[in-house]
Amino acid sequence: MKPALISDDTRPRVEPAGLSACFEAIWPDVSGLLPPEAVAAVAAGAATADSEGRPCRDSLEVLRALGWPGLPVPVKLLGGGASLAQCCAAQRALGAADPALAIALNMHLFSVGLMVEHWKRRADVSWLLLEAIASQGRIVASAFAEPHLGGSVSRSTLRARRSPGGFRLSGLKRPCSLAAEADLVCFQMQVEGEDEVLVALLPTDAPGLTVQRSWDAMGMRGSGSETVRFDDCLVPDELIYYRAPAGQDDDEILAAGVIWFSLTSTACYLGVAQAAMDSARATLAGSRINHLAATRDRLPSYQGAIGDHTGALLTLESACASLAALMGQGGSPQALLPMCLAVKQQAMEVVPNAIAAAIEACGGMAYSRSLPLERLWRDAQAIRFHPPTRASTRQYLGRVALGLPAQLDLDEAAPQLEKLDESGR
Amino acid sequence: MKPALISDDTRPRVEPAGLSACFEAIWPDVSGLLPPEAVAAVAAGAATADSEGRPCRDSLEVLRALGWPGLPVPVKLLGGGASLAQCCAAQRALGAADPALAIALNMHLFSVGLMVEHWKRRADVSWLLLEAIASQGRIVASAFAEPHLGGSVSRSTLRARRSPGGFRLSGLKRPCSLAAEADLVCFQMQVEGEDEVLVALLPTDAPGLTVQRSWDAMGMRGSGSETVRFDDCLVPDELIYYRAPAGQDDDEILAAGVIWFSLTSTACYLGVAQAAMDSARATLAGSRINHLAATRDRLPSYQGAIGDHTGALLTLESACASLAALMGQGGSPQALLPMCLAVKQQAMEVVPNAIAAAIEACGGMAYSRSLPLERLWRDAQAIRFHPPTRASTRQYLGRVALGLPAQLDLDEAAPQLEKLDESGR
Amino acid sequence: MKPALISDDTRPRVEPAGLSACFEAIWPDVSGLLPPEAVAAVAAGAATADSEGRPCRDSLEVLRALGWPGLPVPVKLLGGGASLAQCCAAQRALGAADPALAIALNMHLFSVGLMVEHWKRRADVSWLLLEAIASQGRIVASAFAEPHLGGSVSRSTLRARRSPGGFRLSGLKRPCSLAAEADLVCFQMQVEGEDEVLVALLPTDAPGLTVQRSWDAMGMRGSGSETVRFDDCLVPDELIYYRAPAGQDDDEILAAGVIWFSLTSTACYLGVAQAAMDSARATLAGSRINHLAATRDRLPSYQGAIGDHTGALLTLESACASLAALMGQGGSPQALLPMCLAVKQQAMEVVPNAIAAAIEACGGMAYSRSLPLERLWRDAQAIRFHPPTRASTRQYLGRVALGLPAQLDLDEAAPQLEKLDESGR
Amino acid sequence: MKPALISDDTRPRVEPAGLSACFEAIWPDVSGLLPPEAVAAVAAGAATADSEGRPCRDSLEVLRALGWPGLPVPVKLLGGGASLAQCCAAQRALGAADPALAIALNMHLFSVGLMVEHWKRRADVSWLLLEAIASQGRIVASAFAEPHLGGSVSRSTLRARRSPGGFRLSGLKRPCSLAAEADLVCFQMQVEGEDEVLVALLPTDAPGLTVQRSWDAMGMRGSGSETVRFDDCLVPDELIYYRAPAGQDDDEILAAGVIWFSLTSTACYLGVAQAAMDSARATLAGSRINHLAATRDRLPSYQGAIGDHTGALLTLESACASLAALMGQGGSPQALLPMCLAVKQQAMEVVPNAIAAAIEACGGMAYSRSLPLERLWRDAQAIRFHPPTRASTRQYLGRVALGLPAQLDLDEAAPQLEKLDESGR
């Protein structure tokens, strides 16, 4: 046995690869669905959208022109036919360009993704709706959030009253991204006196439905997450496309929907993190510390601080991309749901920490409004608020690990405190 | 448009799935390569191996009989033909059964994986070696660790002297897992007066090579990680199968080797984590708190504490499994290396924390030697010591993120302190 | 205005001070109570106690000879008159010398401290007991831990039956440190059919009281934390010195007791941390990395890794020392309790992390039994198990911060899961 | 021996105390120095100062009227005679009221505290300056920050040229809080061609000194941290009150100054944290989750999440307060410096994490500009940027723990990378 000696000149050499090579290895190429020029156009509008607190309509038009609304709709229904992994990759790119617009459109994507999952499992007429969204470029706003809902994804505090031909609904939904820009609104409501939740769609110009400007937040200011108001608004039976008992979340379609949302929203924030890292890289490379005769990026402390978070981010990227791919290959939502929630939960930890560390490394300059870092930082904080909440998700994951029945609604009480409350303290 | 209403009885229902369904969704099934009975047999020997501080030879025989030594060797070279993902899945199962044996065999797997990666890229005679390992069930010990090496993977402190037919070598290597049980030892050495590192194989009964018992550690006690001693030992030219300049790590084969090691070792520790979680689950389900009239697993605090770490573990599992699969599909080592190092680095954080939290949740009982949890805790701590070290990996990842040339050797100095040192402190 | 220019030679210069100067600045000097020779003698027995799994009796004798059992007993009752801060400082020194003995004696200190707090507030005959402990060097074992108690500090699962002259008690207490070495045992029990908890003392040779060897743990192996068994044992009325409703913890004396325990036990573990840091310092200074031509302690990465944890440790030291001092100055237990629990809770995070980081920095050598680091590491893990548990403490602290009534017992339930349990799943 | 049984009605009972009782136990009462009405007046201006990006001049006047500028000046020099602990307590109260104004005034306090520490050690004329500040209510802006300084506290990038009667200086200092509102500016400069740093004071209307508006940051918007520009500005010899070799920080007065800054700035941020916790408490108490029939503050998950951070915050409060007290009692700056830096470093971790967790617990509402939480979150992030930086502090603390000479300047290099840089990459 005599293995040939390997000489220097014949060994395959590894060129120092940056992070982009990493991302290319795990994410599908979506430059066909979302060309670099479009990304650049969207990025150009982000700062203004932030300062004005309104979505960038030009960017929306760019995306409509590319067929964005129909992105996940099957090709035979005139859509883009993008897989979940492709949708994630595209949202990641949008998240790096304009986080607020990306997260707003993510709500559309979630609703449409849910419909696609429904359509895959049903021989019903839901294809009509998907075809309409794709062929006419309709944007669907998701009006699922409500005050006092506590992040539940399978309940509503709004009570609908049976009425000829449908239901009558009054009440508020907020925040509802792109409420003022969308063509349709998707929402849930509970039937009065019954324990049932209905999910329905309405055109945004339906009588009794109005949008109230209320969005003025720390970040994601360009997401247009306003308040939708229903005033005795008729929801026709034929626009109700899903119903289930309140609080029940052991449904494959709902599981698929939560998977869509968990992964695409994580992808948006991974885009935000990449934009922040890119900006920090440039800042650190330009930030000289005179007495060390080096720019910050050349110093082990700064490399290490960035490296700690790069490790966490890359792990998250791999997990997110691979779970999206498994879902697209027909993976069971039942088995994938805990892992997708895990990824969403980890992202809540990893993304804000990574951005904070990058900003801290850059020094006080990064605190200024003159660099994009502070905007990205503010936008990234929104990751803390998307349901399912951290509290319910950790309980869900813990129960799964403990072999117990798990649900997405938080299940807990403090009996001793309740007794005190009742006794009048 | 009138989507059919979905009635309760027709909706696909999601049965509460435990973690095993998650793992099945992401890891290949390796019950063919490693049948459950074999896993059970290996698990049966773990406690004794720990208390005696020696590898379980019965378990080794079980694995030899299954062809374990040739697991990653291509089928046409009479091996198991297992992909990296399959090797990871198998190591994960072994890690849950006997962590010390798993991590010891992982060193074999790393050496053989490296040879396979070499063989894939070369038209040389390395196939002879692989065939011998696979067909004769040879176990290869990896003698790469040395005192004063600081976790470098591309250097040696041992100096080999040119001699007719090869090199003469004296010095110590430690720790070297399975040194006393292996048939061959794989090691690196540096040529005296030159800046070149050679990697070679020797039979463990080569003249001048002895094994000294020295392993007496807190955990991984059954890994047999003894000291290999070379006393003017002849290393023939034909047993040198790799050479490269010292400190140079931009080589695709080395990158592939580090990827193999990063992912298979992470998989071992994921197995340890699963075993600890399984044991904690049973303990928590049996641990009643009288005044709350509930077992601990039924209480939100304990569910949440377990859930926090489940989220981190599942993210890590997904990332590890998917990167192994990408590597098996011919992914570029150059692009995958940072992500695989990221996974290894995250594992150093996630695995010990998860096990500590599980043990803490179980209460004082978990501190006792009567449950396996304390052994698993001790074993898991070894994750902190495998090179590349945390210090060099965070620098590597940080440099990649900053677009700088990166290497696996730590690169740093403290010039002011050096000045003081020189001035005679 | 013309401030004098300060020339180099007249400025007061700061010599590089090590950590010992820091500790001297915040902790009282206790070398009078615990001379360095005694500390050295105790330290000499620690490794053997660990390997044999028994307390070091020689060390106990050294401490008895110094009057340790009466340390916190007022001078006029023939005790050492040590303040809480002095007790903490002494426990810190013992913790560095022999963690297992320190934590075992800490249970004695807690019981005696509780009695002192009681005595300060009462004109009763409790002084007799204190005087006996101090003058005769009696060691009191604390038998408060029970299976199924869930870390409650104001309940018992043992039921005492009224009987002429006292109560009859059967049942197990474990773990009970120094059970086989102590003269007296202090314990709580609940009255059968009543909601009242009694705290009593018994001589360890009382009829019906036996000690069963059961302690075989990962760490703190020399603490002799055996099982105390009561077999229809008579507890005379006159040896009951405290009673309170079960689950009620809003009592100033109990609060004072929890403060004593929180601070003295934290001090023990701060001692363990210092011993580990001292050992790591020597190891890092002796661990050369050849290719960097430096020992590890000279490298910024290792300095930074140690520095992160030094910051957390020093903050904890300051907080612990100052709260002990405030308590000694007559601070209100009511106001100090949340802060002392905060310190104990932080210590559970900070101490194991610091030791793990120190060990990781030292590399694989620290995993070996040849250095004391691995023993200190195992011992330090016990910090996770002392009641009040992390789960109940975080709830307590959260409620205090939220302005709600807080108790030390965990108060929670999972109503939906209970329903499922009841419905027979 | 027969201890009296303790009956329920005679035991001292502990009323549930909130955090305010904790704070009162550790911080001195400063309501005499800073009456509640003044705090309320300052708080009233905070939101406007944030939205306008300018300091609130009314608040400044309120504080001037109270003698704030002379707060730490000894009474015999007509000052407030406040100790460091009192200054911290006052800054904590201000930090809760208007974080931006508090942190801006903290720079004044640091300069004056440094002068006081100087005056205590010297028989020179520095008392004249202190008396002027106290008696005339002068505000001193600290112009120590410079681009490319990398957080060094003992260097300058500005070069002063010797000139008759003093030095001529040109260059920029930024950010310099209250630059446009202050009467005097305190700054450092390096002598051209020499290795010496001078610290001097100038009136803000000195010829050649101008203030340029440049402050437009994410938070601390009302701190007026503008740019100070020197254009061939004469710095008279008699206004130079300190000189030392560049990069030398082993000076007791400098150590005292860093201690002042570390503790008073930490106290400001502890105030911000308390304001955020107070706001979160009200929000959680008003945030009902309908399906759990409880407000969030009543739920164990939310209590626990708040409790985790309360533990860290209270530990930090105790440490900060006690170190300030020790310094005031004449503690050695040499021994206290590492602990004070530890507290500052921990605060960088603890305060932003606590506020983020509080905001996350409140849900999306806390992201809105309608609650003060988002402003407090933005302000709190500034804690990341005050020198000494995290990178240099962890190195400092690590070196102290390792028994090595330590300095506040970061000391590191990456030799291999430098070689590559030099070779023309």
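Chains here go by letter, A, B, C and D, matching the order in which they are written, and residues are numbered from 1 within each.
Quick note on the criterion: a contact is a pair of C-beta atoms (placed from the backbone, for glycine too) under 8 Å apart; a residue touches a chain by one contact, two chains touch by 3 or more.
If you're wondering where the values come from, they're calculated on a predicted model, not measured in any experiment.
Seen from the Cα centre of chain A, the chain whose own Cα centre is farthest off is C. In terms of C-beta pairs in contact, the better-connected of the chain pairs B-D and A-D is A-D. Distance between chain centres (mean CA atoms), chain A to chain D: 38 Å. One finds 47 Å separating the Cα centroids of chain B and chain D. In chain A, the residues touching two or more other chains are 298, 300-305, 391, 395, 399, 404-405, 409, 411-414, 417.
The touching residues of chain D, counted against chain C in their complex, run 1-6, 8, 11-19, 21-22, 24-26, 121-122, 124-126, 128-129, 132, 238-245, 250-253, 255, 277, 281, 284-285, 297-298, 300, 302-308, 310-319, 321-323, 325-326, 331-339, 341-343, 345-346, 391, 393-406, 411-412.
Of all residues in chain D, those touching chain B in their complex are 300-301, 304, 399, 404-405, 407, 409, 411-417, 420, 425. On chain C, the positions that touch chain B within their shared complex are 145, 148-152, 155, 157, 175, 216-220, 246-247, 287-292, 294, 296, 298-303, 305, 352, 356, 359-360, 363-364, 367-370, 374, 377-378, 381-382, 384-385, 389-391, 395, 409-410, 412-414, 417-418, 421.
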